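Chain IDs A, B, C and D follow the sequence of writing; residue 1 opens each chain.
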């Protein structure tokens, strides 16, 4: 099955990837998409993950057509 | 219950002057609590020339709507409004406007603060600061 | 640090749009917390047609300035503004505007709430409500 | 010595007195001005007193030229 993976902000810049379509087997957890897309790069401890625009835990199993996002801690609002 | 993401500068007081709180005749609400966060020209000891605010279109709006829904569940409110800038900002420009209307002031005060803390801690926005000769992503937010 | 007592209607958002916080260039403050209290059209179960707000000229201004001074001592603030109506009010009209500017949002939130609670508990203002066929002095204030 | 006494809001309406000049002996406490001006009328429990536009306790001794005020609990701000 096929999922769309997106990276944001500093993560996107550092990895040089904004978005990527990827073919994965059924039962793949969200966190595993990271190692598939950026092998050898350790998953940052403070990274946040979303599936279809909702926060999810790293163990969440992806489904066909999901949009998965990895991003750094958020810094909206003001100081 | 309105969420607006704007990619150009806005004047929070004009926005509020023009906003009509949902389903509320003038005499029905007694309290309005507002918070405006603006870009400062210094951070962590450095002068900041400008700032770029990135967001996750779709998820950001969803998340802001979700915290408004939660505030409306927790308190008796007439209406909530959140406006947040994205894109290129200059020092002094408003970044965020949170406004809450309610019959009693306690609910308005509590809910406006709740919305700001929730927004800061989990709404998908990221700041990149342009210093004199370099730029950097802001790594962590200040606590409330 | 400004206190204004007005005997005619005011628009809080226009006041804020025109106000320039004391000695602060645009980039120097990051947080503005505002509270607006408006006249409602009901109180204690009765429809209120209009309201008269009496004050003690001189003492009222002194007292408001005193609570602003106290807020500036307790928190690190850029500026505070209090505007309060007196005279004849109609439902929906703003009664009070409290605004606080500071570098950090916590101080702005805390100080604006402090100013409102202090204002309500001790600033010499008295409300007289005009009901359909009678009038009454409001006897006690709601707690925050 | 001479002091100026003022009443506000419901108190002013009920007593029918807005302001009054009164001659008092040295050592008169603020609260005693009430009984001098409205004899027979008990001092309301929740009444507030000010001397020269500052809150004072009932026992505060007045001085020549003072402006003394009696008023009901305040009800400013919004609900």
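Here is the rule we go by: a contact is a pair of C-beta atoms (placed from the backbone, for glycine too) under 8 Å apart; a residue touches a chain by one contact, two chains touch by 3 or more.
Note that the structure is a prediction, hence the values are computed from the model and not measured.
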Distance-wise, how many Å sit between the C-alpha centres of chain A and chain D, to the nearest whole number?
-> 71
Distance between the CA centroids of chain B and chain C (whole Å) is 23
Check each residue of chain D and list the ones that touch at least two other chains.
-> 77-79
Quick one: which residues in chain B touch 2 or more of the other chains?
-> 30-31, 37-40, 103-105, 116, 142
Chain touch graph shape: choose line, ring, star, complete or other and state it.
-> other
If two chains touch, include that pair; go through all of them.
-> A-B, A-C, B-C, B-D, C-D
Counting only contacts in the complex, chain D reaches chain C at residues 6, 8-10, 13, 48, 50, 53-55, 69, 71-79
Chain C - residues contacting chain A, complex = 30-31, 103-105
Can you list the chain B residues touching chain C in their complex?
-> 11, 13-14, 16-17, 25-42, 91-93, 103-106, 108-109, 112-113, 116, 142, 144
What residues of chain D sit close enough to touch chain B in their complex?
-> 77-79
Can you check the complex and tell me which residues of chain B touch chain A?
-> 37-40, 43, 53-56, 58-59, 62, 84, 95-96, 116, 119-128, 137-142
